[in-house]
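Residue numbering begins at 1 within each chain, and the chains themselves are lettered A, B, C and D in the order written.
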């Protein structure tokens, strides 16, 4: 029998039809993937199921009987749990408090008793968390486990996971998959959203593909292939993007010397990091999230002052320089969180101009015509689907990322710092971004690529540095690197530090 | 201990009483994620409603009850605008202060006309649990509402940390999206918190009209609501610390009046400004650590 | 049971221009209950509220007089809020400007008006900036929440005013807590004879236009809006967030300080502790009703001025308690705010 | 120069307008309003008023509007905090009599001033206080140390010292016109400091006396009903003589700008000591007799109470 059946679900946002008469069913004990490009309507469909949105029309059946779900509370009541892309945890509260939140019975709240119950549940479901820990102190992977435990504690029979692996490293992904496998055996049904086809092929039983709000079809894993799925998603064949040709020996354009930095909580996040990135190469940095990548980007972007050490662009020292001085020195930056790289309420044109505002200012008055012209030019050059006067928050993730690329790359920077450039992007958009980055390399720029996606690091980098607990634990040539070796280094197994080139 | 100190302590407790109610009320609002600048008006409204009800029914306790209910209504109104509709919290709070002050005065006029001397009633008697014992006797000679305010502090803590309503309030004040996803009705929890808060604020106002004065006049709150806004930060949003903040302010206020009457003539403005300045300095020292509940000032709207 | 829910979707377009009108009608329906309770005719009451101030030249001009400080505090709040700096302290900054105006106004006797008045305006602007700099620096340097510090400093400056008026500045002529009258040359000239409309009104209009120009036409304004809508992103794009916010806070304080100058030098010629019945707070209302669009803020300030002017007429003419004016104002504020938000929503049946 | 014209209303009554900066619950404006209402009830005038005008610039507009639209014969009000506004408008309408409470002098041609001059009954109250105190300490709680308040306090002190040279008088200003809770706290502070008789210049003090069961004096109007057993009496200000005088002058067409001070003093019935009500029986007879004698002396002009407008010390 079907655990869930969604019949002819339609949801409009103004003129946009995010879900167009979608039928979807989930069998008991299966892991069912939902695939689709950015904006295909996956999240929307799941938010409807979880009561966060209301469908304009359509019907939801749980265990065969029609139900009305108007809030997450209803959904939880019907045995549905959701782990969203952005975690929904209250950070000053404890794990146990988060788990029982909204579900604790009676009027009185007894902390000890709740911790006991949650400990029991964690053991029962085999989920490794410390119930009395404060969420704020947990890693991303741990937080995700809290989310899962929360759903299970609420008696979820159906678990929706929206891009759960986007924030995890391979080892954590393995743990997650093991957990899901085990839970599935106990009768849990899972809806699994991901952009990574190999993950979908690893863990799922069936796959439903959405495109532009419409359902393209549902296929059995055993009857399909990654290539077919990609074609269903984008409507054409796709090919991976790989670096071509060998790196020419060049000058170091970006030199990082003994950088030590302290994060917001006062902990040492970077310890004596030294790196050179050469003309015409991509240096990839691989690592489990939270090992100092964010701080490294922030230091290089001018938004975090290092405690010691020096940074040079060519011969120019930019240690402690402000973001605008750094861009002027010839650095193009792609931030790890694209929403943190643009001001949502401002227009596309304004976002494109702000970084180099002096160029668009005459006697401190804005040259509006120049700003518009600049935007129109970049929009057509980078094939951005937007108008210059659209507030940038209305753009899809891929288009927003293109705006950021256009802004960072159009001045032809000598150094490009790209952090998680394709996180959450669909196949097509990912391909575009990777191509653009390799264009920079081929043009002679030094590209520093930070990514938690090993496949991405391996296919683009000439050299790969691995970061662990704020230190570079090794550098390997891209041609020699294997996934196992990198994975080991990422968990702290130390390698002999080799500088290449 | 001489009478100066004893009198000072007793006065401090009296002056602190309305501030304790008001600050606890604001604490509940803010812990749920709503800065309630309607506090000044809500206290005024409580003073008026309490007085009018006590006058009409002849029962002071019915007056307190009426103030409590009136304050909860005021909290509900704040909830409607700031929570339901998601109106900017500064503006809705200021609007509610303006509205409740004006409405109170309007009805005061309709009921009492234009009296030459403020209408008065027989106010609460003070309790004297220790009779005329030296020192302890005069210090403990206080209104029942003062005693209740001290009892409400642990109660407020208990509700916040040991009930599910309290857990929900803390959650929606920090991360309403998360609470919502966990099945907590953010709007409802915030509305409850604002109603509890409004009720407390109004009782603080009613203390002035029913206990301290036994009368209602237009200047009766005289900015005490704004003082509470300062105290809440001083108290770092912790119920227990509200006590210390209120006592500090009450003590300084009582002290300057007492020093004046002994002939020591200091510029009283310095004294009165002291609690504000101390709060600002405390904030400067605590700096970023003194940030309140994360969701304060942010309206929650499920997309 | 039929359930309704509110859903995010733009309301039909024709609603937009009607919003202020609907808000006014709703307000009047709600407050009519009070008018009836006071044994008066609501229609008459609203005639006095809205139309009588405009029915003759004198009171129409008075509406503008009343709007002058609101235009300034509205402009002040607008530039701060647009930059994400929640300045609740326009009231205190107004008093800082008023103190400066009263102080300068006592000593500028030897200067001709052409010098004295600019000195007054600059002095008031500087004083507003100075007072605003305390919470602004605390915010920028130590990340201290400005909502509370600005609110608290409003009370603190009243103690300073009280200290001055009861001490060194007490008027020797009347003995009352008010500063001595400012010299003639420092008084703002009247714009129109037989009315009180003074130069301050022009200053206020100019400030509204300046704020509009800064926000929409300058790189500073773009930076301010960027900071206002997304500090982290703005910082990433090379905007000096602290400096931008500080600039906004100081300009905001300065403009509020000008409101103090116009009241002292245009209306009172003394400093008194009741010089503002909450213009700083009304400025927040004007800024919000005007949706932080300087031109809208200007209109909102004028409208508040109109209601303020009408309120006393209502009570005088109909014998309704004078507080009705405040009730109407507060209700209108809340209703309009609600309406503004509702225009982004549709009400649907489940 | 005599300017004001005789009344020309349909009813033949003088048309009077009241313009008050505060709400009329405020005692000072309340006294003026009460006298005007009384005159209206007695059929002597037509009366309309506006209150709560405030100090932020509305006074001028309202006076101007009133003068233009209502064309009253007389405008009564208080000019404190609005002095220039009143005088500026008055100058534009020389046909209207402007009679305002003010600390300054009259202005030609049409601004007359009055003030509350209840220092004489305050002196008498001081005598009673000096005689009643057991601890030889009495207290005064006032608003701001302005001349109007200072002269009451100083007269009260002088009266107390006359009957009891030993007495100490405590003076506290709460520095607000309206914060009854603060006034009460100030009074309680004085009581803790030994005061056993209080003078309630501001509202809130009587509540403290009530709580501690002490003698207390009201102010401005007869406040006996606030605590019938404890309010000995109150120095009372009565505007009726002023109002009647002005009406007579206006009716006769002989109104001029003048200082109406005398009409607010004991001799003309503008100031008095309120009746003792039920407290009289509990007061020492000789003290009462002494006070009544002094009252006569003041009325007949044989005794003059000094007008001292300097701020009194905190302890006298």
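The rule we apply is simple: a residue touches a chain if its C-beta (ideal position, glycine included) is under 8 Å from a C-beta of that chain, and two chains touch if they have at least 3 such contacts.
Bear in mind that the values here come from a model prediction, so they are computed numbers and not experimental data.
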*Taking mean CA positions as centres, which chain lies farthest from chain C?*
A
_Can you compute the centre-to-centre distance for chain A and chain C, using the mean CA position of each chain? Integer Å is fine._
45
*In angstrom, rounded to a whole number, how far apart do the mean CA points of chain A and chain D lie?*
76
*asked:* Based only on mean CA positions, could you tell me how far chain C sits from chain D in angstrom?
replied: 36
*Please set out, as single numbers or ranges, the residues of chain D touching at least two other chains.*
23, 175
*What parts of chain A, by residue number, touch at least two of the other chains?*
none
*Please list all residues of chain B that touch 2 or more other chains.*
105, 269, 303
*asked:* Under the stated touch criterion, can you name all the chain pairs that qualify?
replied: A-B, A-C, B-C, B-D, C-D
_chain A contact footprint on chain B (complex, rising order)_ = 161-168, 170-171, 174-175, 177-185, 294, 302-303
*asked:* Show me the residue ranges of chain D that touch chain C in the complex, using the header's touch definition.
replied: 23, 48-58, 60-62, 64-65, 68, 80-81, 83-84, 102-104, 144-147, 150, 175, 309
*Would you pull the chain C residues touching chain D in the complex into a rising list?*
56, 58-59, 62, 65-66, 162, 166, 173-178, 181, 196, 263, 267-270, 272, 274-277, 279, 309, 312-313, 315-316, 322-323
*Show which residues of chain A lie in contact with chain C when the two form their complex.*
13-14, 54, 70, 301-303, 322-324, 326-327, 333, 335, 339-346, 350-351, 353-355, 357-358, 360-361, 364-366, 368
*For chain D, which residues are in contact with chain B within the complex?*
23-25, 27, 30, 33-34, 139, 170, 172-182, 184-186, 188-190, 192-193, 195, 203-204, 207, 210-211, 221, 223, 225-226, 313-315
